[in-house]
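Have a look at the structure below before the remarks.
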Amino acid sequence: ASPMANSVENAVSVEQLPKLEGDLTLYLGTGEGGLYENVLAAIEKRNPKLNLKIRRGVTSALANTIVAEAKAGVRRADLFWAVDSGAVGQVADAGLARALPANLTGQLMPGFQYPQWAPVTGRIRTLPYYTGRFTADQIPDSIMALPDSNLSVGWAPAYAAFQSFLTAMRLLEGDKATADWLRGVNRRAKTYAGELGVVMGVERGEVDVGLANHYYTLRLKSGKPDAKVDLAFTKNDAGCLVNAGGVVALSQGDLPINFIRYLLSREVQSYLATEAFEIPLVSGVKPPEGLVPLSSVSPPKVDLTQLADLRPTLNLMRSVGVL
Amino acid sequence: MLKVSNLSVHYGTTAVVKNLNLALAEDEVLMLVGPTGCGKTTILQALAGLIPISEGEIALGNWCASAKKPVPPEKRNVGMVFQDFALFPHLTVEQNVCFRLTNTALADHWLNLLGLDKFRHAKPARLSGGQKQRVALARTLAHEPAFVLLDEPLSNLDAALKDNLRWEIREALKAAGVPAIWVTHDQEEALSVGDRVGILNGGVLEQLDTPEMCFAEPASRFVAGFLGEASFLPGELHGHQVSTVLGPAPAIPIDAAEGEVDLLLRPDDLSLVPSAIGNGVIDWVRYEGCSRLYAVTVEGGAQLRVRTSHEVHGKPGDRVQMAITTTHPLAAFARKR
Amino acid sequence: MTPSSLLRWPASYPLALVIALMALVPVGVLFGLASDEVQLFDAHNLTVLSNTLLLMLFTVLGSVVIGVPLALLTAYVQMPWRRLWLILLAAPLAIPSYIGAFTLYAAFGRGGEIENLLGLPVPSVDGLPGATLVMILYSYPFVMLTTRASLLSLDASLVNAARTLGMTLGVSLWRVVLPRVVTGIAAGGLLVALYTLSDFGTPAIMRLDTFTRVIFVEYNAFGLSQAAMLSLQLLVIVGLVLFLESRVRGSRERPGRHLTIWPGRGQQLAIALSVVPILVLAIMLPLGVFGIWLAREGTEGFEFSYAWNSAHASFLAAIFAVVLAVPVAHAAIAGRAGRLMERMTYFGFGVPGIVMGTALVYVGLQLPFLYQTLGLLVLAYVLRFLPLAVSSVRSTAEGLDPSLVRAARVLGASPREAFQRITLPLTVRGMVAGAALVFLEAMRELPATLMLGPTGFETLATYLWRVYEAGYFGRAAIPGLLLVLMSALGLALMLSGERRAEFDVTETPHS
Amino acid sequence: MLKVSNLSVHYGTTAVVKNLNLALAEDEVLMLVGPTGCGKTTILQALAGLIPISEGEIALGNWCASAKKPVPPEKRNVGMVFQDFALFPHLTVEQNVCFRLTNTALADHWLNLLGLDKFRHAKPARLSGGQKQRVALARTLAHEPAFVLLDEPLSNLDAALKDNLRWEIREALKAAGVPAIWVTHDQEEALSVGDRVGILNGGVLEQLDTPEMCFAEPASRFVAGFLGEASFLPGELHGHQVSTVLGPAPAIPIDAAEGEVDLLLRPDDLSLVPSAIGNGVIDWVRYEGCSRLYAVTVEGGAQLRVRTSHEVHGKPGDRVQMAITTTHPLAAFARKR
């Protein structure tokens, strides 16, 4: 399916957007498994006069590169599309992000409107569980209750998404509670390299329940419909944090801004939802199939840019001995 | 007892050794000589099992190797002294010699005998060529092989040491009762040390006999030329008597030669006396220490070599009187056409 | 020792010094980055350190145990299709180890692909044993290739002497041949150790807490200076390994005749059977697993220009690395100072790729005309993989008979001419092997390619990573296969060059 | 003209060559002999500039090298034939010989002369030892050096080829008017080929003279023993006459010897006749082709060696009559205490 195909109400359609012309260099930071290639290809196809150059890389590495380039007075990137909000914060903190017009940020759902960057899609923290042994109601609906359950847990403490989640927990529950939680889970946890591995481990029944972003499970199930894994959600705590990847404009001119508009278009948003199982952040676009509506989840209220400050979280994890 | 039957060896499609037959007695030393590239080293390697043979059989004691059923070298109990030493560069002299010995007394014996005591702890790279050869020798003999192959073991030693060592090796081989095949370039060595001598030419054994027979009655001109300086003088052979420009002489016909023959003359079979009306003219002369070697063209155009005391002085161009002085019969070959 | 080294500075020193300093520049950048923040090692990291050291130790041991017999096999044993065997056995170098680790992880264990396919329960592969297995599978060729190069420049006819002294073939290889190639083995072991120290993917996927993982976590948490500091600490270990390797002393000797071993039919079969499991695990399994995923998911988005980009950049890197390796290797032979310069070039190989990549971004930014060009990428490859070329050039050059150069000098050749006409052609084998190693490593290199290549420059490795990251594993099958095929092709090309350089008695009897 | 003054060479702290002085005429061939490890190869390498010298000076034509001011080998225009061949293994025989030649006529000449024509396109590894040595020789001579160093150039050739080649090389050197230093193990080679002979012992030149003088009046017992088989017979020297158990003989005192001396006797200075009442007993006998060598213990206990025609037969234990037959004066050394 083409990203420019189905149209939904409320969001702007690409038909209404200005044509893109000229040279544009995009630094595309992946690292948690985003798949934005088709979106970019479709935008290029629609705008033949756009000369889009893409530099792909590990999100943190690209963020470091952008900072280093700025220090050396070399600017190569017009846009930075990062898979996690921490990297966006890093570039914004260095004073490299350009302010975005209000008519652009206004398209986003409330709670996802930031002056210097635009979240593109969201992902929610979930508890994938092994359906071979459990049903959804056996999974605790509070993340803080997880240590007291008798479930074995798969996690990936070195993974950026986990660290953001833990940062949110720290902000919401305080350092002490977070440390206790870490200790409690650590006793029954199996460590994986990444959250894809966590989900695969759950699907094999290696652990009862995992801690992972939602889309790994959805993608796994889309490729393997009989997979023995399903999603459970906690309520109103860090366990169901909605985080976002976002885009930063680094150079002046209309072109980067207009490019961002394309990313927030109805077509792109719904494509990312259906194909990449990411959560659209523009109002009026349907969430991905297999995911309950955001409204029924009740995620906590957290300023995503605050999640960029990972240092105290890492120190905490070290002191507990999970890193 | 070593027995080689019909041995042939090929490199690719070229036959390097052809149809070799040999049998060695209990403690016999066989000297193998031949021009460079004639296959001497190849024969030794085949006997040791280091290269595959293409035909024939090699049998010694309790094993018998053929082209079909090769016996690995380590099963043959054959000792080998290599032309290029083949010392283990990472081991000291002592470690080389003791290589597979549990009792090192024999190693000490040979180290001692070959004057290697002070090099015991040196690595081979620090030794001169001759020293290396002695280590190689010591190593082989210390391992008490049932049969020894020596590939020019003395070619890098100086004359004095060579002369002594030659006899020491022979005696050691005899004492141990081990048969040996010894490859050499040195015809003096071949004639004096060996119980028998084999002369190899292009992979074929031209003669295999006692040193005396090989020297006095060579099977071919090649053998004659190879063992000592051969000159040939034309003559007429009748029965066992030959007549030449230097007069008559007793002769042994080789391969039933008759009539026109070439008589084999060695430098010591002739005499030379300066004489203004002599039958020859000196071409050149070489000093040899005790003796002088003259090349003289005699009537009829043959060039003969003759060895005299160093006290006989003659210059190229001088006229001299030549005579056959030997009393033993001389080998006579049918004249080449 | 040549007289020139006694009388004046060896001619190779100035060049080698420049190259060594160049190789140290990225390390210098790390110092600059680390100076922002100084937080030394904390106690928790002791387990991390011990994991790292254990993984390194076991990997080196395992690589030697597998690599050395394979070196003997490929150097001396007359097998049908010997070149093909050699190429296949070296091919694991072309597969990124994270791919290998991931497929092994996915194939084994409960619910893994093998169990799905065959219904047989197989043990899972993870932790220290798993990481060690993967690292060995993807780095033993370092040992195999360097050892083989040493074996080929050795007078193996000494085995004949040992055998006539009553020693079996196996024992004489062990006692007479192997002690003389310890330098080659150690050189390979060094490369394996450095590769293991710097690899991130495998321990991460195998869930083993190692130094690189700590560095990576810091890096991802935007603690670049902390990551640089930790990398410098890692460099201390690298330095230690380098020091240990430099203590290994082999004997220097004149090259001589090759040995040829003629196995019977049964032995050939036995050899093949013992080699095949390695190839199955290291090459066929990843390709097979990708194949399964390919069938499950289908493929799209792959362009053949990626393959060209990979080959092109890697080839340039191989050439330049060898050109730079020659003076360094000769300096290393000429004297102590040269040896030190050689050691300096090894540091780049022991730092995790992403940190090294960042350091090189800083270097590149000082050279704006080069920044984000193919030139800088090739330079980065060269700086990272120079040790691969240096080690194999050095080990062959050490085996050169010094009297050959003397003969050339006496015939009237200047040191330069003697070098060009004698030393150089006689070390071609080492240069070819070195170029092959650099080529293979550059083919699978990822972080520097991502960070330093021209914008939009996609290679097989970057594409593989992209689809792997996205979880579209099926799409990894084609680039994975191509990576192996092209590396094999590169190897074959280079080995045909080696055959031409094989002047010694390889024209074996009955060939 | 080559001039070497006060040359010393050290390996580390050990002096391997000590205070060597030499001067060579335009086309002189100097033979250098000495026991293994005495420093022969070292001297050649020092002259070629391949190893640093620690003292002294080497001058030839337009260059002069000293410890302080070394001249690199390629500036010396010396040719060198290496003991271990040093052929370039990656080049064919032809390419080896033509190494730095633009005009290859001379290369063809030498390839031809040394019988290497059919190996032109072979790589050295395929050649036998002797063939390699000939290539090395051809290579050096084809490059027309101003001065040639030969390190046992013939040690791996068979006797027949050796004998011919020896003279061919000498003649070529003479024709080109190049001086040469030629290291050999072969005392026969040393005495016959060289214009002068230098005998080296432990890095010191013991004698440097014409072959005749070195042989007849050796400067030391060492030289006497080294050049040919020396036996020593005790005697009383008065003026130029010595009296021994074998009767009186003319003598030359060496180093002003007087009174109790040892008389140097070579195997050819003596005669041996089987005799039941003779003055000696045969210890052993060796066959040498043309001749036989006997070791005989005479009255007084000295063992003497004597060479006879091969027609004289004697067994160990036989009693023989020995006599000094030479007419030239014999060297007499002061008796060792």
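The first chain written gets the first letter, and so on, giving A, B, C and D; residue counts start at 1 in each chain.
Please note the rule applied: a residue touches a chain if its C-beta (ideal position, glycine included) is under 8 Å from a C-beta of that chain, and two chains touch if they have at least 3 such contacts.
For reference, the UniProt names are B, D = ABC transporter ATP-binding protein; C = Iron ABC transporter permease.
Please read these numbers as outputs of a predicted model, since none were measured by experiment.
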Of C-D and A-C, pair with higher C-beta contact tally: A-C
Centroid distance [mean C-alpha coordinates] between chain C (Iron ABC transporter permease) and chain A, Å: 37
Interchain centroid distance [CA atoms averaged], chain C (Iron ABC transporter permease)/chain D, Å: 54
Inter-chain centre distance, chain A versus chain D - centres from mean C-alpha coordinates, in Å: 91
Length of the line joining the C-alpha centres of chain A and chain B, rounded to whole Å: 90
Residue list for chain C (Iron ABC transporter permease), restricted to those that touch at least two other chains: 507
Touching two or more other chains - residue numbers and ranges from chain A: none
Where chain B touches two or more other chains at once, by residue number: 84
Chains touching one another, given as label pairs in label order: A-C, B-C, B-D, C-D
Complex interface listing, chain C (Iron ABC transporter permease) residues touching chain A: 42, 44, 105-106, 109-112, 204-207, 213-214, 216-224, 296-297, 301, 354, 357-358, 361-362, 365-366, 368, 371-372, 447, 450-451, 455-456, 458, 462, 466, 469-472
Chain C (Iron ABC transporter permease) residues within the chain B interface of the complex: 155, 157-158, 160-169, 172, 176, 179-180, 250-253, 256, 262, 507, 509-511
List of chain C (Iron ABC transporter permease) residues in touch with chain D within their complex: 3-4, 6-7, 254-255, 257, 401, 403-404, 406-415, 417-418, 421-422, 425-426, 501, 503-505, 507
Chain D partner contacts - residues on chain B that touch it in the complex: 33-37, 41, 83-84, 127-131, 152, 155-163, 185-188, 191-192, 211-212, 215, 225-229, 266-269, 286-291, 293, 307, 309-311, 326-328
Complex contacts: residues of chain A adjacent to chain C (Iron ABC transporter permease): 25, 30-35, 37, 53-58, 60-61, 63-65, 68-69, 72, 74, 76, 86-87, 90, 158, 160, 163, 191-194, 196-197, 200, 203-206, 216, 219-220, 223-224, 308, 310-311, 313-314, 318, 321, 323
